[in-house]
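Pasting the structures here.
Here chain A shows up in two complexes: once beside chain B, once beside chain C.
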Partner chain A sequence: MRPLRQALDRWLGRGEASITTPPMDGAFRPNDLLDAASTVIATPAPDDLADTTRGLVVSSGRSLLYVHRQAEAPAASFDAEISALAGLPDGGVAAGLVDGRIGFVGGRYEGKTIPASPEVGCITALAAARDGALLIANGSAAHGPSDWKRDLMEKNASGSVWRLEPASGARTQLAANLAYPYGILEEADSIVVSESWRCALTRISPNAGRRGAPLLENLPAYPSRLTRGADDAIWLALFAPRSQLVEFVLSEDRYRRRMIDEIDADYWMAPCLRSGQSPLEPTQQGGVRQLGVLKPWSPSRSYGLIARLDGAYRPTASLHSRTNGHRHGVTSCLASAGRLYFTAKGDGIVASCAYEGSTP
Partner chain B sequence: MTVPPQAEPPLLEMKGVGKDYRGVAALKNIDFDLRRGEVHAIVGENGAGKSTLVKILSGAVMPTRGEIRLEGKRIQIAGPAFARRYGIAMVYQETSLVPTMTVAQNLYLGDEKFFNRLRGTYIEAQQFLQSLNFPVDPTATVLSLGTAKRQMVEIARAVRLEAKVIIFDEPTATLTPEEKHHLFALIERLREQQVSIVFISHALEEALEISDRITILRDGSHIITDDAKSFSRETIIRHMVGRSLTDDLYGRAADGRQSRPAGEKVLSVQNLSMQNVVRNTSFSVFAGQVTGVFGLVGSGRTETARIIAGVAKRDFFHGGDVRFENRSVRYRTPRAAVGEGVVYVTEDRKGDGFFETMSVAENIYIGQISSRDSRGIVASLSETRALAEIWKKKLNIRALSSDPRVIELSGGNQQKVVIAKALVQRPKLILFDEPTRGVDVGAIAEIHHLIGALADDGLAVVVISSYLPEILSLSDRILVSRQGRIVEELSPDEATSESVMFAAVY
Partner chain C sequence: MTLGDWAARLRYRYVPDHIVGEVLGRRWMDNVIPVTLLVALAIYLTATIPNFTSLGNLSDTSRQIGEFGLIVIGMTIVMLGGGIDLSVGSSFALANLTALALIYVAKWPVEAAVAATVGVGALVGLVNGLLIGYLRLRAFLTTLVMLTLLRAVVEFLLQIYSVRIASSDVESAAWDYIGSGSVLGAPVSFVVLAVTASVVHVVVTRLRIGWRILAVGGSRRAAYNAGIPVRATVCLTYVVSGVLTSLAGTLYAARLSGAGPDTGVGLELSAVTAALLGGNSVGGGRGSVGKALMGATIVALLTNGLVRLGLESGASAMVVGFVLLLAISIDVRWGKWRHKLRANVYVSPAYLALPPAPLLDAAASPYAMNDRLRDVEVIGLGQVDGPEDVILDDEDNLYCSVRQGEIVRFLAPDHVRREVYAHVGGRPLGMAFDRDGDLLVCIAGMGLYRVDKQRKVHKMTAETNRSAFSIIDDSRMRLADDLDIAPDGKVYFSEATIRYGFEEWVVDALEGRGNGRIIRHDPAAGTTRTILRNLLFANGICVAHDGKSVLFAETWGCRVSRYWLEGPKAGTTEIVIPDLPGYPDNINRGSHGAYWVGLAGTRTPSYDLAMTMPAFRRRMARRVAGDEWLFPNVNAGCVIHFDAEGRVLETLWDLAGENHPAITSMREHRGYLYLGGVTNNRVGRIKLAGADPHWTGHASYWGERR
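== the complex of A and B ==
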């Protein structure tokens, strides 16, 4: 009966096959806190943040920049774009590159580069483990980090999580078949991963070698990096909103295949880090501009969102940049010295706000 | 507003009128007078004796003692036909029209000519309704009309009988603001034609706005009669209940109560649609909180709640998703919803809330039957009574006899029976739709405390209300509905009457 039921549900758009998106309310109640944050740096496509002994650094293209010392030369430059960062306990920083290599800046492994391996070609997030190893989120086995939109539209779930010994360069796979792991956080005896295409946080037990039950499901946006603050609060960046239109496109296989084959990726019916900048974009926002004013509540392909989670990974508060805002495409956030820093990759801004948190 | 001079003798006078039911005085020696061409409001808590008073005037019940004078002559109103002969007409809160007959047939019911020509009746009815500025089709069956239009027909019937006295019992409870405006304009016209109006309403602002004089009853006794302009909302409430209830009712700021924190997400409504009434609406409900839903009439609040509880159906294709306790659900009947702990308390208690000719105990037991721990239809009389006793005590349901029929209870107590029926089903999520509509201020305070206590006990509570102070005082989070969807969420700290209303209309 179950396959028949599923087929019927798909046809009628019911139950698990319904084309719906979770509401942004409760802890996700919209506000303008991201837009109210003060700009720290304006730089092209800032992506990830890390704390080092020399201060906070941000990756922007091939460069690693000091957030608070803009006049200084970059902390480092690479010959490929940086796709992920991790602050190391010794004060250095590990940088994952789009070609799969990992470079170290400062600390014990200063100047060292670990070559790419065929299995890890899409480093989306890095985290330092307590024992000195490096945890790697490999978003996809099929595409590189810049091709994330294609990975979503192909509905891939080929991501994996790896453990790397920086000294020897030995890699061990901890989990596979993940739907674009984009954030990684070590717990006492497990690892928590944000799976973007499942819109969920998943716990992985390295010893058991399997994926556990989702910690948090049905998020209203696609999650990216996870960090833990000094007060043990967990911060989750969400880089693009879910929309009914995209969910519909994801359910229509033939349409999606034709779209992938025939249309340039920039103009797909897909989420993006910043929308509304090209007249060639698909006309998804027809009714949202009234008398020249872009309505904040209108459905959009881009958005800015950070969620604060408690110890049980329940959302307790959130910071937003709504449709009419200018801090979209938040790919990372980091709580440091009483402030919350974040990268609005869609708008090319690193900003910060003093945020004490509140419950909805 | 002009008050007729006092020197003129009253059109209708009641002296020492009382009514006992089974030896219990429902009305105690009331003195009441009605002047020609005045609007006289009677206010009081439910059970204060208002209904008994107007039932005596309309001939529905006979007084136990006292006398009634019309234009100085002593009269005996032995039945509704007598009342009509004396020119006293009654417009009931729940209309007394025949649903299967047309508007015109209802207008002329009991007054048909021997050779009745339907076409002539329709033309006559059309002209008459137009003269009253009522947009009602005389050929439509009453069944097809909405509540407001049914009430218009009821009023038209009273006016057609050329009544000298028209009694309105809660005429505005089901009207939209625009319809209310029309009704008040009509009352104004009737007043100019020297028709006397007795106006019963729980909405004190209306009593203050429309009436020339106000009479306040409490516990079957006459408390005060005075010019409307000498009253304020505060003084009326003080006379009605013998204490100031304003703070109890709507005084969140005064008691400094903090909002309850959100518990687990119990309900997630995602892109729910039902024709053009509910349009792609989404919201969540959390345990341990009162979620208030405010919206104007027609904003789709009630329909959304009814879909959640299995009373109404969402769109067949792509009607959206309702996730209860993180599971997609689609209840085909209310019983299925009740079985999983989702209970809806209707806004139309007389239509859908209870069986009015059955006793309180039987009604509560019926609620129990559809619950998760029901043993089916096998009813034990002692168990039924014991259950009723528990809930009567818990909810303070007051009645003149030990196990009365629900029809014999006041509006507030009837509402408590409906709530008891819902609570006996041990809900996890309870949806209250207009929980205090047509309920007196004393019962409102009790119902509000009860709703708060349910949230304190960890239940997910949704309160749908058109009355802003109620939403502002009760809710831990406020959702605003407009044109079939939730458009805004406000916390109690940031919600003001203006901000909520702005979201509801703009």
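== the complex of A and C ==
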């Protein structure tokens, strides 16, 4: 009966095949806190943040910039774009590059570059493990970090998590078949990754198989980097909103296939870091500017969202930049010295807001 | 183009999905079930019973239908008014007895006897009506009591009169003629039924009292609030039922001339069954005489057929009971299910492949993106709600058609002072000045209207000729959109779509079918004719500078076409600009013999692809909330300047859409371009570099001011 019912549901668009997205409610109740945050620096496509002994750094294209010392030269520049950062216990920073190499700036391994390996071509997040190793989130086996949209629309789940010994360069795989792991956080005896395309956080234990156990599901947006704050609160950046129409397009295989094959990725009906840049982009019926105003609740392909989770990974609060906001595409956030810093990659801004203790 | 594409194109061209929803929306769809039942029953009985269609049997059956039909019509009237009349069985018997007693015992003349019998029936109906209408007793209980009471009266009278009736020696040719005569081959009772049915039909559908009955049955409280005398109306329905029942009783008396205790027993059940089977609603307010006749025929055929099939009388009653159950359940289910089904299938997307979109980012493209509209002067910010069209008169005053159903005017010279020029109602859209300075307006939901110089509003036309094969009634205008006036005074205007109202234009975009048309109104002759059909959202319309042709925009087709009014190609259509980068709205004249067209949105690759996949769009319409539907990009503004041959001269963009997203109208006037938008709250004004600083639209149409 079950396959029959599934087929019937798919045909009629009900049951498991109905198109629903979780509402922005409860801990995700909308506000304008991200738009109220003060700009720290404006730089094209700021992607990831890391804390070093010389201060906070942000990756922007090929450069690594000091957030608080804009006049200074970049902390480092690479010959490829940086796709992930991790602050190391020794005060240095590890930078994953789009071609799969990992470079070190400052600290013990200053100047060292670990060559790319064919299995890890899409470094989306890095984290320093307590034992000195480096944890790597490899988003996809098929595409690089800049092709994330294609990976989503192809409904891939080919990501993996790796452990790298910086000294020897030896890699071991901890988990596979993840739907675009985009954030990584080490726990006492396990690793938590954010699986973007599943809109979920997944716990990976060394002895719990390679798929991991779901920890937090049904997020209203696609999650990216995870960090831990000073008070053990966990911060989760979410870089694009889920939408009914995108979920519908994902369920429509023929349209999806033709869209991928025939249309430039910028103009797909897919989530993005910043929408409304070109008249060739799709809009949605409710996204029409009415009487000169774009309504904050109107459907949008981009959004700004940071969630605060408690120790059990339950959402407790959130910060938003809504459809009419200007802090969209938040790919990372970092709590440092009483403030919460975040990168709005879609709008090219690093901003910060006050954060004292337990409430944002 | 792949094989699948070809298949989709052929399938959506030749399978008219949209007809299903339109058919389901028609009122006569209420009758589908009874008609089917009637036809099936007739076929079955003809096939199984020998001689069923013989002349003798048909005549006999039609005599019965004649009597029974009258009762069912009476029952239908009562049910239309929201009640029920169960007393018809006894009332019928009483009428039978009264007529026989008056003819055979009292020896009254036939006319007087018939009139008195009908009077008795009316009296019974009046008692019912007074109890139910004025004392507000329950119809069901009251008429049930009346049924029992009258039955007792009939039995009491039978003891006195039955023998005297049977032994009477009265002979009356007229009385016999009523019972067994015929008019032009049709039995008298059938003729009486036909006449009654015609009269009642006219009363119910055309006269005030009929409408009142329907209104009371539809919603008693609303009818009361509307000032209808509810009690009198309800009372009247029972009187009508009593009259028709007694008439039937008279006919029965004339046919059989026998008074027995079982006359009319169970008749109320048959009458209710027939009324419901025909499709009349139990709750009232929905039904017709035609349905009553159909139901009466079905029940008469069924009982007649069952008898002739040789069923026991108990079994035949059981069959009638089952049919009644079926009728009630179908009445309830079909009424609900039909509207649900219609809501599901009415939206039927079509296959629409647009020509390849022109490039916007190449500098050489005439449509190359720029930001020339970013720095417009803003007029009336926040003082207008959706100025779909803007126009200037010969004294430089600026008029806007806004959402509140008003024409708002900003006074020259600075366009700061605002006043409501006229309240026209509806949703005013396109505007044009005629030779006398009257303002002609297309109003969505209303039609073509004229505001004269004294600001009085006149209707010009709201109706055109109905298309021969259109299922929905397309004679009424639902979405008159834009107009222009030819030198001979004829008005050419567009109706964007015949399937949707203004608020649902988005659904028409999703359909992408040619639902629009262009209509010509001749004010001198007072005639209105549709001249072009099946246009993809006919929108902007503009009479060419030379007055020999009309340019019009098809929004979903992203093209501008020309319809020739005179010359060798008169009456033909040709495409002028086949591949605009967006969705054209109003077209208006400019200086130096050129034209302007506003784009309400730009084409997007994702939407173009969806337009070639109708099944995808149909599923989207059903599964995704309307606000989330995929849409072309309407948040960038664009105005295109083109010449008489369709060559694009320049393109003005507002890419961010801060001031002017979705430009639906623009007018050139004394070297400036004025911009309006259907969802905007301002009018824009921008200086044009190469324009003639003295050119005005008014002078271009009607010459310099006299």
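Going forward, the second predicted complex is superposed on the first by the 348 of 360 C-alpha atoms of A that agree within 3 Å, B and C clash if a C-alpha of one lies under 4 Å from a C-alpha of the other, contacts with A are read in each partner's own complex, and residues count from 1 in each chain.
One rule holds for everything that comes next: contacts are C-beta pairs under 8 Å (C-beta built on N, C-alpha and C of every residue); 3 or more make two chains touch, one makes a residue touch a chain.
All figures in this text were calculated on a predicted structure; none of them were measured in a lab.
Student: Based on the superposed arrangement around chain A, label chain B with chain C as either clash or fit.
Tutor: clash
Student: In the overlaid three-chain picture, which partner chain does A:S243 touch, first (chain B) or second (chain C), both, or neither?
Tutor: second
Student: Between chain C and chain B, which one touches more residues of chain A when both complexes sit on the common chain A?
Tutor: Higher number of touched chain A residues: C.
Student: Is A:L280 touching the first partner chain B, the second partner chain C, both, or neither of them?
Tutor: Touch partner of A:L280: chain C, not chain B.
Student: In the superposed arrangement, does A:Y267 touch chain B (first), chain C (second), both or neither?
Tutor: second
Student: Please work out whether A:S298 is in contact with chain B alone, chain C alone, both, or neither, and reply first, second, both or neither.
Tutor: In the superposition, A:S298 contacts chain C only.
Student: Mind working out whether A:R258 is in touch with chain B, chain C, both or neither, as first, second, both or neither?
Tutor: The answer is second: A:R258 touches chain C but not chain B.
Student: Just chain B (first), just chain C (second), both, or neither: which does A:N218 touch?
Tutor: A:N218 sits against chain B, while chain C stays out of touch.
Student: Examine A:G13 and indicate which partner it touches, taking first as chain B and second as chain C; both and neither are also allowed.
Tutor: A:G13: touches chain B and chain C.
Student: Select, from 98-106, 260-268, 350-358 or 422-430, the region of chain B that bumps into chain C once both structures are placed on the shared chain.
Tutor: That would be 98-106, the only stretch with clashing C-alpha atoms.
Student: Indicate the residue numbers of chain A shared between its chain B interface and its chain C interface, in ascending order.
Tutor: 13, 18-19, 244
Student: Once bound in the complex, which stretches of chain B touch chain A?
Tutor: 261-262, 265, 268-271, 280, 282-284, 286, 316-321, 323, 326, 328, 330, 477, 479, 486-487, 489, 491
Student: Can you tell me which positions in chain A touch chain C when the two form their complex?
Tutor: Within the complex, chain A contacts chain C at residues 13, 18-19, 243-245, 248, 252, 254-255, 258-259, 262-264, 267-269, 276, 278-292, 294, 298-299.
Student: Where on chain C does chain A make contact in their complex?
Tutor: 360, 369, 381, 385-386, 506, 582, 602-607, 609-610, 613, 616, 619-620, 622-636, 638, 653, 655, 657-659, 661-662, 679-682
Student: Would you tell me which residues of chain A are touching chain B in their complex?
Tutor: 12-16, 18-23, 25-27, 29-30, 217-218, 244, 297, 359-360
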